[in-house]
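Have a look at the structure that comes next, please.
Chain nomenclature is as follows: A, B, C and D, assigned in order of appearance, with residue numbering initiated at 1 for each chain independently.
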């Protein structure tokens, strides 16, 4: 990995994420079928492919590149997580606009900004057992870290333990919420989806 | 439930092609996926635009209400799923003639997020937009949490009233204010008898016993307030009426419009049996019914059941309700 | 099938009370049993009267088509049963302003007998009457025995066209002639997916397998021409189209109106999927579609299925079809 | 019985018919449920009661009295046999109008006239296995008879054997027709209804 986050790094990272999500589609659909409408794998793959189509032509401005990735997600229709991920990417885009290289040490605060904007977009709170809890675990674990390898390893471990921690809590947001106590013991599909994204970067 | 269709995944696209072919003077498909329906004569110069959108499977909601004195454009998703942000943004752009655009839609998580985001996108293009979310289903949250309620058939009153206001030459703030007033004036309650089937899913949205009904169930099968044996029409109506009146007390002399709406399979004969009882009860209370609607206005494909909506009127709302509008599904 | 009703035997009476309460400017109940529905502003002075009638359970057929440019009065029986002779005679009397009355109805044994007898009764009162029976269901008898066919959704075209002719000031012979011409210009074919339940009987009108359809079934569950597995929408439509075209060959340049009609539970989404295919096929044949109707025009309560009607137009029929009419269920 | 058919005789005869039909309602409904829509008993009872309400005020003119009875049947709604019986009564009314007494010997020709008018009204033929076949059997059996007792006895016997004769034929008219071969072995409800009317007069 390079010493700074550039559009080239983005390009390479997204390619690996796409591959991982294609491989995880079935698993994510099945998780979402238990607590929702079973389309999460489809959503992630369609979103990832939509981003992939943009990769070759991404601008060097990291912020504008992230904006294009966000817009790629807004093209695909309608599942919640697609829109939330677009929102998170948009937040990161705003924070990095005008720069061709971003220090790795900013990742934690980019995650914080994305989580905040996604929370406001979806009216979800930390602790609701959603992707927000995965993001927040990653944010906490990456604070102060300055190399990509360290960041990814820390985030991965933190998200894994967040998933374990939330497994035995009920879902409080999205379609899963209406299952109430029946969601206890089930992993939240969105939390797992973020884990697979990180695994793509390992 | 049996359905007449080809590919389940082509359901929405084929439906929209048929809709626009049958009513070319009313509806035109635009956008890369054809998922935005607009008036062929739009955007109307100088008029505030009104857009709506949401999942398919609720005809005439949403696309059926594109028309003069109603909506200018509509983004339409897969069955029971939100349209994409881009489709919503395209609908807003198509509705904009420079006077700004009201986003007027039912309160559902996915639609809220996507319409918010679409609004942020078009703001960068200097299109002024506002939002009104209709949240009329009294079964879905308490009055204290009114803004968390689902939007159901009350949407039609907001379309009609906001559409008439926009036609009158009002500006964006005025149209938004009256749409919000109409939304807050509406209360709805449903009763479901049978589920429906989302084509791409292929199995019913919920299970219900052969002799059961569920009061307060949502149009996507969201849980209601009480499930029990199917009772006589008058008793069902009385229970629904009392839920509405608790939420929106009515006095002698009040003027309201009433919508008795089939969720799909329930035939108009049954709606009129309900209307008979309802109109007598309201007359007993001294409440005056203005321009009632009885029919299929907001549905869930072949779901059996019905909903009742009250829209409490003041002079402004009543005049706007009675103003002309024209779509294949609603003409005043 | 679940129904929202009170006493099964009060179904029709309560329904009619509700219908007239909801649309008092359109419908008025008269007669000793309230089983005659008339225009409140009728009979229209100098205009030829048009009456229809038949069993309940088919809304908007029959009463829903009372209105300006349509019917003047309608006698309405129990669900799927003929009105009485006296009720029909009362409808004729109410429609008569001195210019005579056309009896325009669907070809069913009981209705034929009762309307004939009602005609004989009012003749003694010097009311001049004529009869046109609509017999448009191609599945119910061969073209050689056309007059034995059942009357189904084609009725709506005859109402519309005869109503416009009467509004134009034509005399009884002229109105009768054009009604007959419209009746002969129509061909219909249905497909049923599920039965319905007559309230007073309490069990479905017929049995059909979970994956079966029946092409050509009548609106009371009369046997059709072919029962088989439910096929794709396009294949179903192609089969229906070929039955219609065998009976009424169409050439490039012909102008027809098309009605894609839900039998009740089938939602408009599916009708538009059918219309999409149908309009493409007719365009391929060079046939021009004029003023298509897609919706619920002639139903059997909660029966699932649909029918397709062709009305082949000449200049006179087309002009009359496009003339204004006004009822809560049909406005041009 | 009197030596001539007068309005008084009609009055007394109809009263007995009403009583018999009330007692037969269930049976007729059940027969009609097998081959039709199960409303024949209801139709007959409602028609009979509607006639009964007229009896006290019947005019002495036999024809006008029969017309009133026919009109009583047109008031009740909609089943086939109600309209056909009104048609038959109307035919007899026309043939006897202006007379206060009708010789019994005319009964056979009144039946012939009624049958003809009912056949034209309902487009039914003799041999279709309907009430027309009961009426025609009674007509044939009563030809030349001049006393009410003889007439009724002969009609009753003839209708009984007509019912037996038609039992093993298929119905060719009305709702029963769609049952086709399944109607073989079943008595036609309308034929039986006319038998019960005659039994009321025995």
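The rule is simple: a residue touches a chain if its C-beta (ideal position, glycine included) is under 8 Å from a C-beta of that chain, and two chains touch if they have at least 3 such contacts.
In this text, all values refer to a predicted model and were calculated from it rather than measured experimentally.
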item	value
Chain A and chain B, separation of their C-alpha mean positions in angstrom	34
Inter-chain centre distance, chain A versus chain D - centres from mean C-alpha coordinates, in Å	84
Averaged-CA centre spacing for the pair chain C and chain B, given as whole angstrom	30
Distance between chain centroids, defined by C-alpha means - chain A, chain C (Å)	58
Chain contact graph, described as a line, ring, star, complete graph or other shape	line
Complete list of chain pairs which touch one another	A-B, B-C, C-D
Chain A - residues contacting chain B, complex	37, 71, 74-80, 82-84, 86-87, 90, 121-123, 174, 178
Of chain C, residues touching chain D in the complex	33, 35, 55, 77-78, 81-87, 89, 109-110, 112-114, 116-117, 121, 201, 222-223
Residues of chain B defined as touching chain C within the complex	1-6, 11, 14-19, 21-22, 56-57, 59-60, 64, 191, 193-194, 210-211, 213, 230, 232-234, 236, 260, 264-277, 279, 292, 294, 296, 299, 301-302, 304, 306, 331
